[in-house]
Amino acid sequence: MGNNVAVVTFPGSNCDHDTVWALQELGAEVVMVRHDARELPRCDRVVLPGGFSYGDYLRAGALAAHAPIMDAVGRAVARDAVSVLGICNGFQILCERGILPGTLWSNTSGEFLCRWEWVEVATSPPGWPAFVPGMRFRLPIAHAQGAFRVHEGGAAQIWAEGGAFLRYVDPVRNAATGYSPNGSVQGIAGICRGRVIGLMPHPERAMSPVFGSEDGRRFLHLWLGGPS
Amino acid sequence: MTRYPVRMAVTLKPEVLDPAGQATLAVIKERGFGMVDELRIGKLVDFSVQARDPAEALEVAQRLGREFLANPVLERFDVWMEEDLRLGAGCDGE
Amino acid sequence: MTAADVGLTRAEAMTVRALVGREPTDLEWGLFGVLWSEHCSYKSSRNRLRWLPKDGAAVVAGPGGNAGVVRLDAAVEVAFKVESHNHPSFVEPVQGAATGVGGIIRDVVAMGARPVALMDSLRFGPQAAALREGVVRGIGGYGNAIGVPTVGGEVFYGPGYAKNPLVNVLCVGIRRPGREIGARGAKPGEEVYLIGQPTGRDGIHGASLLASRDFSQADRDMRPTVQVGDPYTGKLLMEATLAAVAAGGVSAVQDLGAAGLASATAELAVSSGVGIALDLDRVPCREAQMSAYEIMLSETQERMLLVLAADGGEDALDAIRAWGLVPTKIGVTTADGQYVLTFRGQRVAVLEASWLVDGCPLKPAPSPRVAPPLPARTTGSVRVSIASQELLAMLADPDLRDRQPIYRRYDSMIQTRTVWGPEHEVAVLCLKESTLGLAIAVAGPGRWAAVDAYSGGAAAVALAVSRLAVQAAEPLGLTDGLNAGNPDQPETLAAFDQMILGIRDAALALEVPVTGGNVSFHNETDAVSIWPTPVIGAVGRHPRPERPWADAVTRVGRWIVLINAPQKPTLAGSVWEQRTGQLTAYPRVDLERLARTVHWLRQALLTDALGIEAVRTVADGGLWLALIKLLGLDGPGNLGIAVTLSAEALAEQLLNEAAGQFVLSIDDRGWPEVSAQLTARAIDHRVLGQTVAEDGLTVRVGSGSGASHWHWPRTELAAAWRLWEDK
Amino acid sequence: MTRYPVRMAVTLKPEVLDPAGQATLAVIKERGFGMVDELRIGKLVDFSVQARDPAEALEVAQRLGREFLANPVLERFDVWMEEDLRLGAGCDGE
């Protein structure tokens, strides 16, 4: 698979340029796509970046999920034609669209939360053996609605289907499971289904030790198919 | 003492800007809901009050609205008690 | 409608009549009312602000525009300004603070600059949790959503702020040279466009009149419809404006803030030296049946005024439409300097723009402009004994405790420029556009200005510039948010003057221009006034942002050195003194020595051979808190700091807050040279102790038989300082 | 065509936990509202629909609820049309 990546800008997206920059740092060919485009450009991968699409009014991601570009993304996913990565708001949009299961609800604190967290690969996503279970990344989170929630019994199903990709861990207290900064069910920080991945933390903000960690670079490198 | 269910609607005063309603309306109009208009988003708070009689429960609810649930600068609130409640043409959202 | 209804004094009303030469219409009275309000006209302060130095090598645009602009290097210019939203935040904390953030962001955007950082400087009364939570939610809610990181700020408490909280926000933006825009470029015969949110009935007389009067119960009942912040539209507006400017054909930009369309159009006309003719029927309105008065005075947020060349503005208009906004032409610029409003086919106002903007009689400034004499000391040299428990209790003081519960609700990292964010005393940003970076700091405890406003003004500048110096950053400019009580009270105005003089003297001594700022008077409720409060924002040129200097120790065996300790330390103006309930005059900073010190420090940090490992300022909480922060509460367990102090005036040594002091950790090889350089420059310095292999902070007091010894492990210090941890 | 006002209540499904409601309840109980219980927070969306008849308006509203206004994972919605609406024991919140 090549590394032509389309990054979608919705009105109110605000991590789009950070994401483009991060992907270019890693050598990807990046094109930016508008929310009202009816077709995806020729590309191997799509990134839905973070931000506050449509102000996150109504519910985070709810309005963007209906943008014309999401029809195109939905069709491409159905044909298994692209890999999709939703970061933060992008993850929320994928859930609202129904491309990923569950939904992202208000943090338990009721407040926006911006801080560094550790996440751990719980299950390798299909097609990305380089994300080895147990692998850890230190990444920032920055969201008000990041509590992953599902309907009753949904969590077990996600684990059973191999969709529980990333979970929060607390390496200091080293709690085995269940740590969650925001109220996510079973501490889930990211999930996958087919070639679609969504996660709340921001790898594009952790591209260099200057910014606190380069684990985001490592994460995106692996997502782009690079060797571990 | 009886437990009275109460429903409170907290809505923005009519002259106050509702950015969420505005943005939502703009999107849904574009997506096939051109017939929808004047959309505004408020809050709905359901709770129960332990009280001697409906009048006392209502008074508690109104105090709660004034002191906590509604922001008097921007919002107004309306309270319904059991006997006012009628089931709407509901749907489970699935 | 009478002149009094719009807040004009009798004398002002007479001036209006004399200017206009007839009885003004209601609408015209309204325009004079808002534009001659304290908030818009700066009538009490304008002549005094002239005292501030505004020129410097790096200045591109000084005061007078929407924001000051300084040059970072050949590739980057920096626009920055502080703005207050004090009164609105008291009426409605969430929306008041949010719209304050939106307002200062638009000021920076109106200079053609992309906002890259925010800082917030907050003041509350003692029991203000609910208000504070609302303000923090408002600031985060707007900044996070619009995508501008909040990289720092400060929060202090004082009784005078109980009914007069202060919400001052600093915004910093960057632009390429050659992209300058602003309110000055309009030429006659161009087209005036309004973009953004449709105009509603919100905030009529809001920021302008509300912020121009003391805040009594009566005013609260008159409170206008509060404006609601809409960061989503704010984001579209920001992008559309920047895209329009980049597309070309835009000759002037002015944001709409206080006094809405009235102020924006009149100021733009006067700045550009043109007249303006508006057709109010074209202004898109949110509500039906709005009057001309309401349209002109509405303070609906998220609007921007653009002037486009009569031909050639098409690209700009397309750029705006691409962001989903509909540009509306509402008028034209003219050659005659006239300010003409038409509504429903009638000319409803015919004035000269300059009457509105420059016609208001200004308070004359006093002439003797020297530093005021030292106020009499009421206490200050009292020797206080101190116990370990009291020192720990100090860490939990609301003025000193950990700010994480606040700043973790702000996105401090978005835009991926933040090298150092809110957990540090100075923010460091690296720019993709330059190898140089930005250092940004705010300072200004009201406590320091409470008794001697001159001293407090000077010290705020001293601290802000010192904070840049710990990153070897050269100050490019200052922005000053001046907050005070009722300017019609002679004492208030006198203190205000002294505050400005303090800022002036420090800015001159440290050779930094003041390129803009804000004045907020009438922070006075039920006859209780705030302390005069100078909020100083400083922007500096960081030489190597990808490698900031540490502000905490990392190795055993380094010397811990204190620079510029006062000869006779005093608790005057300190948190300790505030806790005792009796504030006295904060000491005057030796500005000349500080200038030498920051100059030396910038050079010394760049000389690796001098071995300076970590450095920070001594400020609120004195040496005590500075040592704890230098230790770093999350540092390794096999590292600590041990210092020895003399037994005499121990509390004063530990807790004095005299500005201009620094603590450093220095390695063995560099120390002799550092010491020699400091001695040569007559900068006081002393070794306090060393970094050691034992966790925590150790303080030995005195020597010989009377010596005592304190030790606090990190966990104990952290538990006191991080009061929030288990909540 | 007539313009029909519609009110939609979007609430969490009964089995779904409501942390925001719980947090609010805890605070108000502390502040003298011990008699209040079972508090849950939902959304209220008011809008108007241009339609031929109430049935058509209702159908539009329900489609809007399903497609946009309620999150099918956690929420349900109920719709009221004009004739269902009764003024509650309101208060202006001042």
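Lettered A, B, C and D in written order, each chain numbered from 1.
As a working rule, contacts are C-beta pairs under 8 Å (C-beta built on N, C-alpha and C of every residue); 3 or more make two chains touch, one makes a residue touch a chain.
All values reported here derive from a predicted model rather than from experimental measurement.
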Completion exercise
Per the touch definition, the chains contacting both subunit B and subunit C are A
Fill in the blank from the handout: Ranking A-C and A-D by C-beta pairs in contact puts on top A-C
Handout entry: Geometric centre distance via CA averages, subunit C-subunit A, whole Å
Key = 36
Practice task
Could you tell me the distance, in whole angstrom, between the mean C-alpha positions of subunit C and subunit D?
Solution key: 42
Exercise for the section: Could you give the separation in Å between the centres of subunit B and subunit D, each centre being the mean of its C-alpha atoms? Expected result: 6
Practice task
Take the average of all CA coordinates in subunit A, do the same for subunit D, and state the distance between these two points in whole angstrom.
Solution key: 31
Problem - Junction residues of subunit A, two or more chains touched - result: 54-55, 57-58, 63, 66
Problem - For subunit C, residues that touch 2 or more chains besides their own - result: 230, 232-233
Fill in the blank from the handout: Listed in rising order, subunit B residues that touch 2 or more other chains are 19, 21, 23-24, 27, 31, 41, 71
Practice task
Assign the assembly's chain-to-chain touch graph to one of these shapes: line, ring, star, complete, other.
Solution key: other
Problem - Chain pairs that touch, as defined at the top of this document - result: A-B, A-C, A-D, B-C, B-D
Completion exercise
Residue set of subunit C touching subunit B in the complex reads 91-92, 95, 197, 200-202, 223, 225-230, 232-233, 286-287, 300
Problem - subunit B residues within the subunit C interface of the complex - result: 13, 15-19, 22-23, 71, 73-74
Problem - Partner subunit B, residues of subunit D touching it in the complex - result: 3, 5, 7, 9-11, 13, 21, 24-25, 27-28, 31, 33, 35-51, 58, 60, 62, 64-72, 75-81, 84, 86-94
Handout entry: Sites on subunit A touched by subunit B in the complex
Key = 54-55, 57-58, 63, 66
Fill in the blank from the handout: Contacts from subunit A onto subunit C in the complex sit at residues 11-12, 14-15, 17-18, 21-22, 51-52, 54-57, 111-115, 140, 142, 144, 202, 204-205, 207-208, 210-212
